[in-house]
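What follows is a short report on a single structure.
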Amino acid sequence: MKKSLFIGALLALGMAATTSGASTLEEVKARGTLNCGTSTGVAGFSLPDANNVYQGFDVAICRGIAAAVLGDPMAVEFVPTTGKTRFTALSSGEVDVLSRTTTWTFSRDVDLKMDFHGVNYYDGQGFMVPRSLGVTSAKDLDGATVCIQVGTTTELNLADFFRVNGITYEPVPTEKSSESRSLYQAEACDVYTTDASGLASARSTFADPSAHVILPEIVSKEPLGPVTRHGDNQWGDIVRWTLNALISAEELGITQANVAEMAAAPTNNPEINRMLGTEGNLGPMLGLDKDWAHRVIAAEGNYGEIFEKYLGVNTQIGLERGLNAQWTDGGLLYSPPFR
Amino acid sequence: MAQHQDFKKPTFELSMLLYDTRYRSTSFQVIALILFFSLIWWLVNNTMSNLAITGKDIDFSFLVHESNYDINQRLLEYDSRSSHGRAAVLGVLNTLVLSAIGCVTATILGVFVGIARLSKNWIVARIMTVHIEIFRNVPLLLWILLIMSMVAHSFPVPKHFRGADPIATMKLFDSVALTNRGFYIPEPLFSNGFGDMGFFSNSFYISIDLIVILAILIGSIWASGKIKARAKRIQEETGIRPTTWYLRLGVIFIPTILLLVYLGFYLGYPELKGFNFKGGIHLRNSLIALWIALSLYTSAFIAEIVRSGILAVSKGQTEAAGALGIKPNVIMALVILPQALKVIVPPLISNYLNLTKNSSLAIAVGYMDLTGTLMGITLNQTGRELETLLLGMSIYLTISLLISAVINWYNRRNDMVER
Amino acid sequence: MRNVSFVRSEMLAEQTPPLTSIGVIGWARENLFNGWFNSILTVISLYIVYSFLSFLIPWVLTPTWKATSLNECREINTALTGHHSGACWGVITERWPQFIFGFYDRSILWRPILVFVLFLATIAPILFERVPRKLFLLGPVFPFLAVWLLWGGSIWSPVFSFLGLVLGYLVWRSLKERVNAVILLLSSIGVPIIWWMFLTEPASGLLAEIIPYEIQILPSRDFGGLLLSLTIGLTAIFCSLPIGIFLALGRQSDLLIVKVLCVWFIEFIRGVPLITLLFVASTLLNIFMPPGTNFDIIMRVVIMVTLFSSAYMAEVVRGGLAGLDSGQYEAANALGFSYWKAQRLIIMPQALKISIPGIVSNFIGVLKDTTLVSVIGLFDPIGLTTVVLADMRWNGVYWELNVFVALCFFVFCFSMSRYSMYLERKLRKEN
């Protein structure tokens, strides 16, 4: 009978985590760590290594936010989420921000009551087939078996694409991307479909990447970006402008290496000065201090540096900038001005 | 007078609710009920205020909206334009199919393993022990994943069947193709069939041929039962049992065969066309993997039930049967198993229940059962966690309660027979 | 008087049995080649075992423990046998701490290890009779110590939580002879709960400021691998035991409403798959709680698994109660024991003793079922295989990882099932 008391003890300890109705910023500051929702393992985007340190493109965004808010890029608790649990994790307050290759769609934004804060990666759904199959276009895939990961927008795009083109297919859904990849490698399906970045990431892990081709068709628009809960605008602003700071920093030539120097004294470029806090007071407007953008860039570098570090052509993922180049280079990255 | 007062019926006092055994149980129950309702009220209230905060409501109308996704194993007509509700029905059917075939093979395997474990042959008994221990002590999810990957990696790819000198060939006179995408087996077709019949304003179709065949088969089995009953009566009257097996076989098979001939029955063989085999029945690799994993896993538990059931039958029964000169394997079939069955059946059915619930792990290999459709993709696409999970859990609950009802019915019937 | 020559007047000396019925040959004849059917079975079985082992042993015995990537393994195996079909164990060398401890801080691994040792010491007196009885004293202390060691934080909060338990015991001691059982129960549970809800936190906070002593705090998200499975499994099973006992008593009680509620609860939990309950934990539980409450996913999973296993535990205990001779109840009544006193002193000790094998097998089931948390994205051993497979160096080491995980679970579950069998034999002997 006395054992029932133990539950009380456990519950008492567990419920200690009860949060008050404070704003997300205050909560994060009080807690001292940022809770960042991420995926359960996608090479290049978010993956814990053997030493338990998370690495990747999506991870870097969270580290930037943590640097801005808490001053320490390592003060992040990563919460692995699946396609199913990610939005509930966010809306229940379990995570403060979701940086998990999440596509910005109307229904997610409006119906699921999420706030998207710009795009950190412009993606699109593509198809990968073994080179030996001799297929050159996705329209030749009539009757093919297609591996997809469920819980994404992928299965919807897939159904639409095949229906519009009047061809049939056999979907092989799996719960995790690693299962999809394993089935594709065993040739239990002819085609592997996911976002083009995911295809490149998957192909890089294969024993012989050159034996697989990514078909030219991109069948959907997949703007991926960080997400927060509806309703906390201050927190949303912090996430949005952290991302914009990373993008602007590349445009303005601020790098991890020179950010300390640029932030030390005002430069000739007033926008750099405003951003790094040597002029004006944009930081306090956000509810942060003046040096916030300095810390963001010092954490993992600017957008371009992060991209090159985790996804770029010199990594095993080997992605071109493509749409994700600055607007000045013909891409879509276009940060609103820091003014 | 004062003495009289003592015998007066004691007036009701508040403390009697607690101390008087007549009232205590009632007050206890009232407290329990109040606690229960306040718990429910608390949960509902919290849910309501949380939904209000996130701006959601409880709304099941998504069930009639277009689902927009495809399902590979379809027992009913379905495409991505069909509704979420229909997808859920397909999911339920897939759950039931998997559970049904899983239960059949698990029982066969389990009975075999359970009996073999009691074998006097040392090595056979040992192998069966190892089988049971391995399957009982490793999580089912691991078995499903391992067997799925075994199926995906060890069977040939469809393209290996191609060419003049193919790496792999079809089995059983070119009728069965075993590939890593699943097994293709011949399907029964009718050149002269009756067509389909629509139900519920044509929302789904059932083949009339199937209904007719089933009707005739049930009729024949009933007739065969009559013959058996008659044989038994004659045996009781005269002591001689008439040989009726050929008559019964004929009654069972001839009408069905005649009907099949009339319908123009033939087998549709799978054929390699394009990327995949076409035609025939496609048992997908996810179904195969789940089927094998669930059967093997559950068979280990069933084997233990069978073993303890057999051991529960007193050894004297075996010896008595032996003394009557009955052969050992006949003793097992006619003396031991019928008696053991009474002990075996209730836990056996509860293992069927476990298997049905475990089939929800199908989600790990992408088999589109109820957890894959309603509680999987539909949940993801609509974001209606509360509605989909409530609906899904109540469906599982219904299935479980039905199976429990069967156990109770069996137990009651058996109790009556015994006494 | 006839000469009965055919009657032997003295016994012959016993002859040794023929060589074919003793020793190895005799054993083999008796057990393996007893009749043609058995002989065929033996040959077939031997062939199956041989073909299985001849495949498995070369696969397992590969010198790849030091490899740092799958490609390196393939090179080693190719150099050795000419084809690369052997196992690649380098991944285990590299990742085994992750599979055991998850993301737990590597510098303080002594904490979970110590908890595990303490746990073994705590349950030893329950499991084995020869262990000194004094170890029972660890029982009440262990949960608080374990929570503190695993999650870290100030020493004062477990101390004050433990004081709540002591308080409850003192209340029970002092009121035992004076009030009736219901009030006794309510007050000895109620007082500690009030203590925990209102006093523990301020008091421990105050003391922590005066005498600060705290160890590194670890969030439960850092739990992973086998540590996560065991934490969930053990917490759930020990919390579910008391709940299960109450549910079983409720189900057997004469109080109609209590009985109906208990039956509903048990049948509901047993009627739905655990995975749906885990979905509820991951997506719905926060909706059911007051707005703003947020306790982490591991705690939610523990609650759900506890509810799940308590329904099964209730059935096990009910089996134990049913297995008890009705004379025991009658004897208790005859002695004039109240319901609770009878339960505590006569019924439960015996019923629980009969149910231990059932409880152990229930525990094996729960431990195996903890692997389902990988479906909702937690990094239990199966969830971690996803992480490792997403690593470019190890993409494709599917079998090795799964075999390793299977082996870990097998070791735990098998030893427990053996223990349960030993116990059953012992119980049978005693009765």
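Chains here go by letter, A, B and C, matching the order in which they are written, and residues are numbered from 1 within each.
Methods note: a residue touches a chain if its C-beta (ideal position, glycine included) is under 8 Å from a C-beta of that chain, and two chains touch if they have at least 3 such contacts.
Remember, predicted model here, so these are calculated numbers, not experimental data.
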Checklist entry - Hey, which chain ends up farthest from chain A, C-alpha centres compared? => result B
Checklist entry - Higher C-beta contact count, A-C or A-B? => result A-C
Item to check | Chain centre separation in whole Å, for chain C relative to chain B (CA means) | outcome: 28
Checklist outcome for this item: Per the C-alpha means, the centres of chain A and chain B lie apart by a whole-Å value of 42
Checklist entry - By residue number and range, which residues of chain A touch two or more other chains? => result 84, 88, 175, 182
Item to check | Where chain C touches two or more other chains, by residue | outcome: 279, 283-284, 286-287, 291, 375, 398
Checklist entry - Multi-chain contacts in chain B: which residues touch at least two other chains? => result 149, 363-364, 379, 385
Item to check | Contact footprint of chain C on chain B as seen in their complex | outcome: 18-19, 24-25, 28-29, 32-33, 36, 43, 46-47, 49-51, 53, 119-124, 127, 133-134, 136-142, 145-146, 149, 357-358, 360-361, 363-364, 371, 375, 379, 385-386, 389, 392-393, 396-397, 400-401, 404
Next on the checklist: Under the definition above, what is the set of chain A residues touching chain C in their complex?
Outcome noted: 1-10, 12-21, 33, 40-43, 47-52, 77-82, 84-85, 88-89, 92-94, 175-178, 181-182, 185, 204-207, 316
Checklist entry - In the complex of these two chains, what residues of chain B are touching chain A? => result 54-56, 68-72, 79-80, 149, 152-153, 157, 159, 180-181, 273-276, 278, 284-286, 363-366, 368, 372, 376-377, 379-381, 383, 385
Item to check | chain B contact footprint on chain A (complex, rising order) | outcome: 83-84, 87-88, 91, 107-108, 111-113, 141-145, 150-152, 155-156, 158-160, 163, 169-175, 179, 182-183, 186-190, 230
Item to check | Residue ranges of chain C in contact with chain B within the complex | outcome: 31-32, 34, 38, 41-42, 45-46, 48-49, 180, 182-183, 254-258, 261, 267-268, 270-276, 279-280, 283-284, 286-291, 364, 368-369, 371-372, 374-375, 382, 398-399, 402, 405-406, 409-410, 413-414, 417
